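Please go over the structures that come below.
Shared chain: subunit A. Partners: subunit B in the first complex, subunit C in the second.
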Partner chain A sequence: MSLRSTTRALPTLLRVGFADAVAYRAEMIVWVLATTMPLVMLGLWTAVARDAPVGRYGEPQFQAYFLATFIVRQLTGSWAFWEMNFELRNGTLSMRLLRPVHPLLAYAAEGVAAMPMRVAVSIPVAVIALALVGPTGVNAKPLLWVVWAFSIVGAWLLTLMVNLLIGCAAFFFESSLKLMDLWLVFYFVLSGYLIPIDIFPTRLRSFVDWLPFRYQIGFPVELMTGSHAMPDALVLLARQAAWIAIFLGATRWAWRRGVARFSAFGG
Partner chain B sequence: MKARYLRLLAVQLRASLLLGMQYRADFVLDALVEVFWMATAIVPLLVVYDVRSTVAGWSRGEALLVMGWFTFLQGVLEGAISPGLATVVEHIRKGTLDFVLVKPADAQFLVSTARLHPWRAVNVLTALAIFAWGFRLLGRAPTLSNVATAVVALFASVSVLYALWMLTVSAAFYVVRIDNLSQLFSAIFDAARWPVDVFRGAVWVMFTFVVPLALMTTYPAEALLGRLAAGTLAGALAGGVAALTLSRAVWLASIRRYTSAGG
Partner chain C sequence: MIRVRDLRKHYKVHERPPGLGAALRSVFRRRYKTLAAIDGLDFDIAPGERVGFLGPNGAGKTTTLKVLAGLLHPTSGEVSVDGHEPRRREDAFLKKIMLVLGQKQQLLWDLPPSETFELNRAVYDVPRAEYDARLAELTELLQIGDLVRKPTRTLSLGERMKCELTAALIHGPKLLFLDEPTIGLDVSMQVVVRDFVKSYNERSGATLILTSHYMEDVEKLCPRVIVIDKGKLVYDGALDALATRIRPDKRIILRFSRPVDVADLAPLATVLRHDPGETVLRVLKDEVSAVVARALAQFPVDDLTVENAPLEEVMSELFARGRPDPERGPPP
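For the complex of A and B:
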C-alpha cells in the first residue's frame, strides 16, 4: 500500500468513479431534486422576512443564503457512509481490502469523481441565485473567494470524515444507520442548514462556533454571502482545519480497530 | 365478498404485526430517533416565532397544529402505507410479483396491506402531544364539530397520500430503480410541515393543486381551528376521491403491462 501504487491507481479510480456517476445520472438528478430542504426553508424564511428583516436578513438575503446552502450541500455531500454500511453487511468490503489501495482513499476518490456532475448541477442554481439577489447579496472580495475554495474543500473533507467514522462504527455494531440519523439531526439544526447561524440566540451561537457542524455547511455559505471579514474568515478556517484533523485521527483509529474485528459475513 | 376481504384484512394485519413485532429493540431505538428528528422541525419553528408573532397569518399555536398533522401523517405514511407498497418494488425486481397476481384476491389490496410498522404509532402520540401544546398556546380547546370536520379532512389527506404513493409505486413498472423516487417523495412531503400560505407564487400553486400538501396538513389544521370553509372541504374530498380513482386506474394499467422478470 505504498504511496507510489496509490498515486498510480488514482487516475483509474477517478475515471471509474466518473463513469459510474455518468451511468447513473438519472438517479443523481433525482438525488439532487430531493435536496428540497433549503428551498423549503427559503420559502419559510422569506415569508418571515416579508414584513420586516430578521437581523440583517431581508428577503433577498434569505434567498441568497438558502440558494448558497443548496449549492454547498451539493458540493460537499458524501454517501460513503451508506456504501460502507452496505458493503459491511453483505461482505463485499473484503474485495476492497484486497486491492492495493487504502479503502478509505478509494471512498474519497469515488466522492471526488462525482464532483464534475455535482458542479454541473450547481451552476444553474448559482446563476439563478445571482439573477435573484443581484451582486450586492454576494461576497465581492476575490481573496475571500480563495478562502471560500479552501472552506469548500474543508467542508467536503469534514463531511467525508464524519461519513467514514460513522461508517466504521458499523464494524462494532451491526449497522450504524441510527447513529447517522442522530448525527444528521444535530447537523441539520446546528450547521446553518435550516437556520442561519447569525439568527441563533447569542448564547447558543458561541456554543455552535465550537461544534463541528457549522464547518460542514454554514461556514462556506456565510463566505458566499459575504458575512465575514478576512480575519474572522481565517479564524473559522483554522477551526475547520482543527475539526478535520480530529476526525481524520478518529477515523484512522476506528478503521484500524474495526478492520481487525471484521470477519466478512457471507463474502 | 366484503366479508371475505374483511377476513383477509384481519389475517394480513395480524401477519404484518407479528413480523413487525419481531424487531422490538429496533422499535425502541426507532421511536427515540423519531422523537429526536422532530427537533429538526420544532427548532426552526421556535426560532421563527421568537422573532415574529405571526408568519403568513399563522400564529405559533396554529403553526404547531400543522406540524402535528404532519407528524401524524408521517406516521400513517411510514407505518401503514409505504412499507406495504415498498414490497411491490422488491417483487417487481425479483419477479415474484407473479405470486401475488395469481392469488384469488385483488392485488392492490394484497400489496397495500402486506406490511406494517406498528412502532410508527409513536408518531400518533407525538402528534397528540403537539396538538395539546398548540391548543395550550392558543388558550382554548377545539369544539367537537371542529374535531369532526378535521377527521373528515383527514380522510381526504390520507386518500391523497395513499394515491400519490400508489402512483409512485406504479412508476416502478416503468423505471426499475424506485428507492430514490420514494426519497424524492418524502423530500417534497417535508414541506408539508409548514402552513401552505408560507409559500407564494408557483410553489403555492404546486403545493395546493399538483402535490396537494395544502390538502394534507393545512386543511385539517384549519378544520381544527374552525376556519375551514365548507367549499374547501368539499373540494378536498372531491380531490381525494379523484386521486384514488386515478391511482387505481394507473395501477390496473401498470399490472396489465407487467411482463414479469422471469423469476
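For the complex of A and C:
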C-alpha cells in the first residue's frame, strides 16, 4: 500500500474524517466535557497557591499552565488505539486491509480530520487564558513559538504513535484497552498533565526528562508559558524527535508482526 | 484468473474443557490443537466465471475466500489471482478485487453511504467521470436514489446491503468475492441482490465467487460449484451434473384442474407431497417420459414441470455420505 496513493486520497480522507467527527453533536459536547481535567487541576492548584507559591508557580502561573495544558491536550489527542481494538474485535479491520491505503496512515488522517473541531474548542480557551493571565504569563519570544509549532506537531505524532503501538498490541492480546489504562497512569503523573514537571524533585525531574510522557504534553505547555530558553528548548525538541523515531520504529515493527499474526489466525 | 494448488491453511487453537478448574488451569498452561481449515485444495477459475463455494458450516469456504482476497496467509500451497500473490496485498491487486462480507460492512456507520462511495473513489483513484457514470448506473440498477443521503445507521439491512454492493463496485473490480451476501435479507431483497450480481457479471465480465447458505443464490447464480467439506475438495464441476450424480431421480410437479385422490397417484410414482394446489412425484430419470405420458392421459393435468431434486437435498445427501474421494466433474 503505497504512500503515493494515500497522499492522493488524503483530501477526501480528511473531508470524510471531519464529517465523521462531527456526526454526533451530543457526543461532541460529552467529548469536550471529558477533556476538562486540566481545568479541574487549575482550580485545585490555584487554591493551593493562594497562600504561597509552589516553586515558581503562583496563581497566575498555574492559570496559564493549565489553560495551556487544556489547549495542548485538545490539539494532540488521539483515540486510534480504541478504533484499532474495536475493529480488530469485530473484524472490520479486514475491510481496511482490503483498501489500497495503508491503515496506519488512514488512522492518522482520521486524527488530523478532527483537528479543526479541536482548534475551534481551543481558541476560546486561549482567548480566556490571555485575558486572565495577561501577556506576561505567555512566551514572548517569536522564535520559541516556532519551536512550539514543531513541538505541538511532535506531541501529536508521539501521542498518535503511542496509540498505534498500543493498538497493535491488540493483535497479540485480543484487547489492549487495559494496556492504555496503564500507560495513562504514567502519562497523567509524568507528562505534566496533572502536575507541572518543574514542581517535581530535581532527581525525579531529571529522570522524567528521559521518558516519553513529557514530550506528549508538558514540553509544548512549558514552551507556551515561557519556561524555556532557546538552548533548552532545542535539546528537549531533539529528545522529543528521538522518542517519535523510537515509537515510529516500534509501531512499524508491531504492525507488521501484528498483521502477519492476524493473517495467520484469521480476522 | 485464479490458480490454487495444494492450498493448506492450518490454525492452532486453544482448547480447554468447561468448568472453573479448567479455566484456572488454562491461565497457567494452555493446550493447543491444530485445525486444518483448508487441507489441500486445487482448483482453477477462468475470467468471467460465476462459481459457488458450497459446504457445511466450518467447511473452509470463508477461509478460502479470505486467502484469495489476501486477508489470510496460507500455511502452504500456491495461490495466484490474476498474476498476483494475494498475501502481498499490492495496490494493483487490491484495485482489482473486492470482498463483500454479508456480516461485516465497509460503509461508514454514522455517515450517509454517499460519503463511503466518495471515499472509495479517492482511495481507489477512480477518475471523476468514470465514478459519476458508474454511480449513476449502480444507483439505477439497485434503486438506491434517496438512500445514499441518509446516515447508514438508519438504513434497513436490505438497504444497507444494496449500498454495500454499490460501495464495493465503485472501482469496477474484475474479481468479486461475495461471502453470504443475502444473509438476513427477506425473499424479495434476496432476488434483487441476486439479479443485480448476475447482471453485473454479465455486463462487466467480472469473475464472481460466491458462498451462501441459501441454495437458491447458488442455483440462480452459479453454473459451476466447488464443494468443500472439512477443508477438502469434494466436488468441482457443473451444478446440474452434481445434482444428477447425487440424486439421479427427478421431480414431476403437477397441478390439477380438479381434486385427485392420492391413492390413484400412488401406482404412478412415489408421491412426495400432495396438497390441494400441487402434487410432487419422485421418479427415476429414465422413467420420466413414461410417467409424464401416463399422468397426462389419466389425470386432469393443468400444469406439469420436471425438475432436478432440490439442491438442499442434494447437498444433505452429499454430506451425509461422508467424504468421498474427490471426484472432479467436468468443467462447465
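In the analysis below, the second predicted complex is superposed on the first by the 260 of 267 C-alpha atoms of A that agree within 3 Å, B and C clash if a C-alpha of one lies under 4 Å from a C-alpha of the other, contacts with A are read in each partner's own complex, and residues count from 1 in each chain.
Keep this in mind: a residue touches a chain if its C-beta (ideal position, glycine included) is under 8 Å from a C-beta of that chain, and two chains touch if they have at least 3 such contacts.
Small disclaimer: the values here were computed from a predicted structure and weren't measured.
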**Request:** Using the overlay on subunit A, decide if subunit B and subunit C clash or can fit next to each other.
**Result:** fit
**Request:** Check the residue A:43 against both partner chains and state whether it touches subunit B (first), subunit C (second), both, or neither.
**Result:** first
**Request:** Identify the partner contact of A:14: answer first if only subunit B is touched, second if only subunit C is, both if each is, neither if none is.
**Result:** neither
**Asked** In the superposed arrangement, which partner chain does A:248 touch: subunit B (first), subunit C (second), both, or neither?
**Response** neither
**Prompt:** After lining up the shared chain so the two structures overlap, which partner does A:30 touch, if you call subunit B first and subunit C second: first, second, both or neither?
**Reply:** first
**Request:** Kindly classify A:153 by the partners it touches after superposition: subunit B alone (first), subunit C alone (second), both, or neither?
**Result:** neither
**Item:** Touching partner for A:112 - first (subunit B), second (subunit C), both, neither
**Value:** neither
**Prompt:** When the two structures are overlaid on chain A, which partner does A:211 contact: first (subunit B), second (subunit C), both, or neither?
**Reply:** neither
**Request:** Using the touch definition from the top, say if A:125 reaches subunit B (first), subunit C (second), both or neither.
**Result:** neither
**Request:** Between subunit B and subunit C, report the minimum C-alpha distance in the superposition, expressed in whole angstrom.
**Result:** 8
**Request:** Please write out, lowest number first, the residues of subunit A touched by both subunit B and subunit C across the two complexes.
**Result:** none
**Prompt:** Taking the complex as given, what residues does subunit A use to touch subunit C?
**Reply:** 1-2, 5, 8-9, 11-13, 16, 19-20, 23-24, 90-92, 94-95, 97-101, 260, 263-267
**Fill in**
As the complex stands, subunit A meets subunit B at residues 26-27, 30-31, 33-37, 40-41, 43-45, 47-48, 50-51, 54, 178, 181-182, 185, 188-189, 194-195, 199-201
**Complete:** Within the complex, subunit A is touched by subunit B residues 29-30, 33, 36-37, 39-40, 43-44, 47-48, 50-52, 55-56, 175, 177, 180-181, 183-184, 187-188, 190-191, 193-194, 197-200, 203
**Request:** Over in the complex, which subunit C residues touch subunit A? Could you list them?
**Result:** 11, 63, 66, 69-73, 87, 89, 91, 94-95, 97-99, 101, 104-106, 108, 110-111, 115-116, 118-125, 151
